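Following: one structure in structure tokens, then a few remarks.
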């Protein structure tokens, strides 16, 4: 499959659009359906798609394991960190109103950041799981 | 020393001694010195309480609240005083004896033995001084557990089996019968203090009271009322000093002590006699049946074991009559049986150590080789039968007087018949030992090691001495019934 | 009424697909059917106005789950399920559960009842003030990220737990050694 | 100021520590982090308990959204009690865990185990502290998923099968729970526990409520290993890494029992349930069956870990029995036994971890012959723990049994009292199996050769052993706390 | 209450039972997980369907709409979906490991092998 030139070309065309779509879903989630979780899944899907066409090693080169593993952890930290920041600014845990001078603005800011956190962790985890599953048989075959 | 301090120290001294013994496991002489010093200290400590208690004081020490409204608490009263005295004195004697026995027989795990021995005494002190039923129950169970390693001392299959029966019966009875009785008492009376006149008076009557009484009497398995007596013969797998401890000092005495405590302080001797009516029959049956088994037993320790079962039921019988005189008799018999039976076991152990004999039929002429031993055995037998000049006579006298007072003809008949049976299984041993010719082919041997003989002579002397000087125990026993 | 009909039709189709899945022994076919089931579910969710949920179900149920299952099938080479064990007890259990559910459902509010408690308590406030309080018109987003933001933190943690768990379970010792040396 | 946010920090700190551990990927750091976090959590729990005792129920609105619109954290006497129990156990298990983790796990997995440990702790604390039924589900899943992973990290391959089985059963349980709260939500429109209890009283059609009650009971019953829903537990406990067994054995089922109490007494209220359905009789019957059969099965086990795992099922039966009695003594028994059993089993499983460390992972009785002289402190500690399981006076177990029997007698249930006491004799039978193996059997070539367990492990285990005896002698704190919780629960009914 | 008004519940219940049945009755570990998935998924409908209002729209505030369906069940179910996929991922990882350790993914077979190990 990796040698199929048509697929490769199509993939190279589609994958940027997928990522763009993910960003749209991520940031348009306030106004339409979507949000961090769905965006994370789409980002992961894009990379998985890449891996299926160009092979796992190529995908691993594009997005190395350690980055993925860092994503897995850092998304949760971003989310929980927003809560800690709101604590430090004198609010309750995850009270976004204190994040800006104006409560509504603070809410928007808080929602933005927690959605970013969700997206990072979700895409990281989905990718990591894919790497784990896909890499398994190869290792087994190698020895 | 204030009485309160003495009461705290009484269970503490043997417990600390146990730690000390364990620490000295590499130096046997030092280890034995620790045991002997501690037992001497304990006697002094208990003695210091005699004055205040005789003067009518009931000092109290409250430790901590185990359950809301229920504290771990020590309170000494005449009966506990009597028990503590007996146990502490006999600890010294049996320690001396044990040292001789363990060394004479090259027993293994001697340190563990002395540790558990000391812990058993600590638990016994706790029982004697217990200020309420929950404290008593705690130490009662503790005693079961710390004597388990003693019973299974040899660690072989027989020991394991004996240990299972020992633990099985004692745990079964105490958890399944004794504990619910205690909890029910708490639920009914709202207190578990030992109060003269009883805490259940007016709180329960009729069938409920009878069930409760049955739970107590059978639940206190250490008193070995049939059918809860099975643990006693099973425990005979233990080394002889342990048997002495179990039968004379700690375990069985803890049982009958608890029985008397429950009758006097929980139900009260003015409780409705109809509730108690069945108990003399059970006790009487136990006395006769156990005596008959003893009569037929050839193994010396087994015979002594069944003798114990029967003797314990004297105490239960006497207590169950609810007559003041018989309760005095019960209290006295705790003392009388203790000194008598310990002598008998000492003698059995001495015979085993010196001659390696365990059966009655092997004892022909043993008295010629071991005159001191058999003389002590004879004196103690007199006490068991209830003949003067041994202390057993005094306690039996009070029991019979009590039975007369309560018009319990059945009890008198039981005591008379069993006296004959006692004579029937003790006197032939004495006769055989002194008057039948020994088998000439046997290897010659003398007395057992001197510590054993000394201990035996001491307790035999006590058996006679208490007959002539029964004032002190009698005084405490009288106080028990408010006399 | 059209909404209700669409929903009910979709539900009926899902029931059929699931019943086929129960009987089917070829695991590959079951996984594919599962994907179709998820798509139907997503469609039904759209019809039920749950667009966010539908989007997630489509990407997760039909997408990720199917990929994972296929991957696992590939790794386990598990293409053939053994015949069913005797299934009276499971049947009894399932039917009992169903009976309890039906009994309970008899008292539940009717479909699309505007006076049902869920329409009158708690939820109206979200709809009323989502724009003014959080500046976010999508009430699902504002509830998800703000009102019940703490749930979503937990949810993210669940994903994280699964990720770290899969790493723990599937990581090879040998390769990690190299990782650490690097 | 920071004191006002203790309820949030209680859960968030362990939760944050997990991703930090995964970021750093160093096993020593991971261990230090786990220790630090569990100690801080324990300190917070104690502070919360003190504040609750002084000032009454604490309510904390997350995100400053007032309940029932936002999620509420609620600390009352019962949840404070369980928080201290869970965090305290973690604080004791975490420090020594390194010894057995190093021995049992490959190095690369160590930090992940600690991450899972922190997540599990966060999940259990979250379940306990939350006042929102759906938030409870989320944290239930956090603790469950991390538990599956921890169990699967055991050395033998059976650990994998046990984890899988636990995963299936646990997920069914969680789904049942979700169905139950779904029905409650449909009938009331709220997810907040306090709000639910108010609004449930006004619901006229009780059929969905009864169904919800049944689903929640079965779901939580699965999680707490209520007989006959306990099948996942023995293998999970037997094959999990030893440190994990010690932690789970002391906490996991306890938290589920807490959830049951919360629903029965806070959300539903006994008026609705104990009148409308024979809940108490059914629960009583199951509890007694569980206590007796699990203890009997324990007697016949050939593996000590498994034996004590079955014993846990039996002990859970005592706790649910206390709940089913539904009077002050019974509830006090249930709550205080949460603590007493946690301390007892914690001690036992830590000591067993010491044994498996020396045997290289084996825990069959054939390897334990004569261990009493080889590992005297370990063996004796297990014996004392065993005495507490039997309910010998002077140990924590006695106190629980006292209240349980008292509660039964006060209700006039003499047979129940008798069965409880009889089952403690069965406990004596399996404890004595260990005693005879350890002390009255000659060691042979298959039995363990090595010496005593490492000192830190012994120290922590013996701390719990001593605690176990202390809680049997002085009960002002344990029974005091349990009594307050029981009164609070029963008071919530009126 | 009429048949039509409760149809969605009952269809949901059938889905639940089918899923639960597969989990309990089937011995193949992958199939069990699929059944578990169906069981979990069907719960979504229990929450979401009653939240729907006829004539309502998705709960995204916009000009021209007055009736919105209830957003809260949607939020809850989003969480439930995530939990479901997390469970599935872990379960499959376990199945892969089990397959490597036991060389089978049939439950009966695994139980038999466990017995041989003498647990």
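Each chain carries a letter (A, B, C, D and E) given by its place in the written order, and its residues are counted from 1.
Please note the rule applied: a residue touches a chain if its C-beta (ideal position, glycine included) is under 8 Å from a C-beta of that chain, and two chains touch if they have at least 3 such contacts.
These numbers come from a predicted model, not from an experiment.
Asks: Identify the chains adjacent to both subunit A and subunit E in the sense defined at the top.
Replies: C, D
Asks: According to the touch definition, list the chains common to the neighbour sets of subunit B and subunit C.
Replies: Chains touching both subunit B and subunit C: D.
Asks: Closest chain to the protein's overall Cα mean, using per-chain Cα means, please.
Replies: Here the chain at the core of the arrangement is D.
Asks: Which pairing of chains gives the most C-beta pairs in contact?
Replies: C-E
Asks: Indicate the whole-number Å distance between the mean C-alpha point of subunit B and the mean C-alpha point of subunit D.
Replies: So the centre of subunit B lies 44 Å away from the centre of subunit D.
Asks: Rounded to a whole Å, what is the gap between the Cα centroids of subunit A and subunit D?
Replies: Once rounded, the distance between the two centres reads 36 Å.
Asks: From the C-alpha centre of subunit B to that of subunit E, how far is it in Å?
Replies: Taking the mean C-alpha position of each chain, the two centres sit 69 Å apart.
Asks: For subunit A and subunit B, let me know how many angstrom lie between their CA-based centres, rounded off.
Replies: So the centroids are 79 Å from each other.
Asks: Using the touch rule from the top of the page, what residues of subunit D touch 2 or more other chains?
Replies: 15, 18-19, 22, 62-63, 134, 138, 141, 145, 148-149, 152, 179, 183, 185-186, 191
Asks: Which subunit C residues sit where two or more other chains touch them?
Replies: Counting only residues that touch two or more other chains, subunit C contributes 51-52, 56, 60, 64, 68, 71-72, 75, 101, 105-106, 108-109, 116, 118-119, 122-123, 126, 137-138, 140, 144, 146, 148-155, 157-167, 169-171.
Asks: Quick check: what residues of subunit E touch more than one other chain, meaning two or more?
Replies: 16, 20, 29, 33, 50, 58, 60, 72-73, 76, 78-79, 82-83, 86-87, 89-90, 92-97
Asks: Determine which chains touch and list them pairwise.
Replies: Here the touching pairs of chains are A-C, A-D, A-E, B-D, C-D, C-E, D-E.
Asks: What residues of subunit E sit close enough to touch subunit D in their complex?
Replies: 16, 20, 23, 29, 32-33, 36, 39-40, 43, 46-47, 50, 72-73, 76, 79-80, 83, 86-87, 90-91, 94-95, 97-98, 101-102, 110, 114, 117-119
Asks: Under the definition above, what is the set of subunit D residues touching subunit B in their complex?
Replies: Touching subunit B from subunit D are residues 387, 390-394, 399, 402, 405-406, 409-410, 417-418, 421-422, 424-425, 428, 432, 436, 439-440, 442, 472-476, 479-480, 483.
Asks: Touching residues of subunit D toward subunit A in the complex: what are they?
Replies: Listed in rising order, the residues of subunit D that touch subunit A are 1, 5, 8-9, 12, 15-16, 18-20, 22-23, 25, 60-64.
Asks: Residue numbers of subunit D touching subunit E in their complex, please.
Replies: Against subunit E, the touching part of subunit D is residues 134, 137-138, 141, 145, 148-149, 152, 156-158, 160-161, 163-164, 167-168, 171-172, 174-175, 178-179, 182-183, 185-186, 191, 235, 238-239, 302-303, 306.
Asks: Taking the complex as given, what residues does subunit C use to touch subunit E?
Replies: Residues in contact with subunit E: 1, 3-4, 7-8, 11-12, 14-15, 18-19, 21-22, 27, 30-31, 34, 37-38, 41, 44-45, 48-53, 56-57, 60-61, 64-65, 68-69, 71-73, 75-78, 81-82, 84-85, 87, 89-91, 93-95, 97-98, 101-102, 105-106, 108-114, 116, 118-119, 122-123, 126-127, 130-131, 137-140, 143-144, 148, 151-152, 154-155, 158-159, 161-163, 165-166, 169-170.
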